[in-house]
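The structures come next, written out as structure tokens.
Both of the next two complexes hold subunit A, though its partner changes from subunit B to subunit C.
== the complex of A and B ==
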């Protein structure tokens, strides 16, 4: 009987440990402790911009194209080509683009954090920080979270603009079943400013979870290079689960009671 | 509490010959267990202030664990570790971080930050803990790097350095805050005999110039002969004997004699 409960107990313990770690790091940011290392936060922000922006935008743009193409052909096939803008608007803003952002964040940023912190852990660099009198969790993890919060809202909103442009190109320029004016009228009619905020919140919750999960697995990596590889894989699995969980909950919470199209029924 | 079999300690006299100065670091009946592996089993020792001390012992006997206890990276399951008058396990996190500013630690592979070049690695503690301007930092960093023979390697990244250079760079970084206590975790591991000898000379020279309490962890007897002023021989998680190096090298203790002579016959086998 004990063996039957051993695995769930282990998962529960791990969840508690991850939760406590995340709480500590978020506390360091909210409490301002991270500002002792504001320069490092800015450095991390710079690294994020230089190394991840283009690839995230590229995925968001491609999925914007797909939203536009799918919507144009599907609605044309059902006799309502002028309404391609509805599909593109919701596909972009509510679902696919936040997921695209989450996927690429998990694949590029999350795994990058695990690999970097894990390598630092196994080569004693984290211990070296500690013995220099530097709180390594604040220096390595809280600074990365603050950097993400500084950079990612702008990166996400700009990427969303790129996805909108991609959908427009697909529907109006490539497929061409609807005029530019007709597409934009419907496209903007089915979204409003709070929707942007909700979409941004959804993406930022995903980003926060991804950065924290990456920090947790990297900071606590052990067992040499193999251990770092295992931690990277584990972080990717957990991040993909969290991205979908946050995406689903976000849609229900923000748009479940939307009078125009209640998703919650 | 794990059971301790006293027959395992027949050579452990625990004799602590006085060094003539007060202890900077004290272990008081320290026990530490990892899973079923009892590493420290009632360790009591003192390491004298202002001297180069060596903790010597066979591999896997808890030497590196001792260093981690001294700097508060690990805490004892029971017992106490007192450094510069502070009980390490009793300190708050903030007090511990403050105390650590008095330490310099040289890790086995130098533990240089892979994303920073040599200059920035050595400058790192100064930039984090002092208000010094870049000119003053440059003066200190260049002096320390020259001291360890790396004056021309400022721009090199850690992955461009040999093992010996990384250790010397780590040594330079550990010295920039003028620490009161410098700890060396197997500084000779992975080095050829000549570079080991040069590093030992360097440790002696820097200590003679700067003073402070140096603690070197090693199992290399030649290094001990070259550098140590005080030796503590550790085996099975306890001190066998400790004292000024000359007295230890003349010890009648069977284990100490075997270990310090590097002989194959004696109490220490392959087990």
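== the complex of A and C ==
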């Protein structure tokens, strides 16, 4: 029984430390100290675009297909196949695609940061930075956070477009219970700019948390090659839980009891 | 110049195909090693099973309750409120919790938590040349390391699916209570619409997810190279490949299940 609760207890202890770490890094970015290393930020942004964009879009596209499929069959069963757009619009924009983005961010970017920073810590490169008089936390963590904030809104919105396309393909081209015009009318009618903004906020909060958790576990890795692997695995656990909790809180705060739909009163 | 571009385009594609082929070969070797006697992997199987159970129960609980409370719970309740039909929420949870979110979240959490741990473990052994030492001793790493992980992850993922469905329904009940509704109609529409096909489809899908995760994570761990950074990179790649494979398989399976079982779709 004691072993069962080892994980939750460990988290509770780590929460305080992670909070302090996050505060420091966010302070570096807000306070403008990160601008000393703006070139490094741009380099990190470039790496993010080149190495991570395609896989993140791929998972968003696949879950867009699934939203479309489920919506088409579910609304057909209700005898209202023309309204598959409602399901697809809410499933894509409000719920599942932010999660898809969070999952793939955690898998690709989060663990990537842990592996990279962990290897630097193990080979004493971080200590070398400190010896040279460079603030390692600003140089390594704050630049990555700034790079994420520069790139990810655009990456997310483009991926959302891909997911919309995927739902369209699944509902109209593949299952085919509804015509293209009938689907698109309902699909665009049941979403509006506030929905779009809320969805973006949700995804960006997830992304910030993931980058910071990745930096924390990588920066504090220890114990040789095995330690880096273990730290990578651990960061994934925390990231997954955070993604789900942020998704739930976002829904509760933004749409709690407000359908924000163009029908009813 | 032209040749350079062609090489840059073709080389990653060829590497990808080779890797997929290697994973298929590993799958075949794992299954044949699991079936052919002797069976030395009993102890390792039990310890891996308990390891996954201990690691995953808490993240999975939080994830399923949060996701089901928010996505199908609050959003669908919002939609049904417009028609004054909140009692139909139970019917939606057949689609949401049982058919999609249960198996998917189980697979995502298992890949992210147990899968990464397996890759880190095997990768560290590969880096320290323990796997080569095993082979020198005449112990087959596939039979003694991959097979127990493969079987344990399949079993634990299938069982965790039921657990995820139960806590998913709890999330739905939470949403129903937040809306101030009695829970009786929720259970009523849930059981009226639920079918055995949905349940076995869900468990079967989730079991195959477990097999995919085990093969991908074992393969990436056993082919790790390049010191400290190599193990981290192996974990990174393993979880990315596992997520994409889960998504692709889920899409195919769901399409096939829904298209071949029209009786699932009748609303009662």
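Miscellaneous remarks
Here is the rule we go by: the second predicted complex is superposed on the first by the 245 of 265 C-alpha atoms of A that agree within 3 Å, B and C clash if a C-alpha of one lies under 4 Å from a C-alpha of the other, contacts with A are read in each partner's own complex, and residues count from 1 in each chain.
Throughout what follows, a contact is a pair of C-beta atoms (placed from the backbone, for glycine too) under 8 Å apart; a residue touches a chain by one contact, two chains touch by 3 or more.
In this text the structure is predicted, and so the values were computed from the model without any measurement.
By the document's definition of touching, of the two partners only subunit C reaches A:244; subunit B does not.
Of the two partner chains, subunit B is the only one touched by A:132; subunit C is not.
Looking at the shared chain after the overlay, A:119 reaches both subunit B and subunit C. Judged by the number of subunit A residues each one touches, C leads among subunit B and subunit C. On subunit A, the patch touched by subunit B and the patch touched by subunit C overlap at residues 116, 119, 123.
The residues of subunit C lying in touch with subunit A in their complex are 54-55, 57-59, 62-63, 66-67, 69-71, 74-75, 78-79, 81-83, 95, 99-100, 108-109, 112-113, 116-117, 119-121, 123-124, 127-128, 179, 227-236, 239-240, 243-244, 247-248, 250-251, 254-255, 258, 265-267. Residues 116, 119-120, 123-125, 127-128, 130-135 of subunit A are the ones that touch subunit B when the two sit in their complex. Residue ranges of subunit B in contact with subunit A, taken from their complex: 68, 71, 73, 93, 97-101, 103, 105, 107-109, 111-115, 124-125, 128-129. If you check the complex, the residues on subunit A that touch subunit C are 3-4, 6-8, 55, 58-59, 62-63, 65-66, 69-70, 73-74, 76-78, 86, 90-91, 94-96, 99, 103-104, 106-108, 111-112, 114-116, 118-119, 122-123, 174, 224-233, 236-237, 239-241, 244-245, 247-248, 250-252, 255-261, 263-264.
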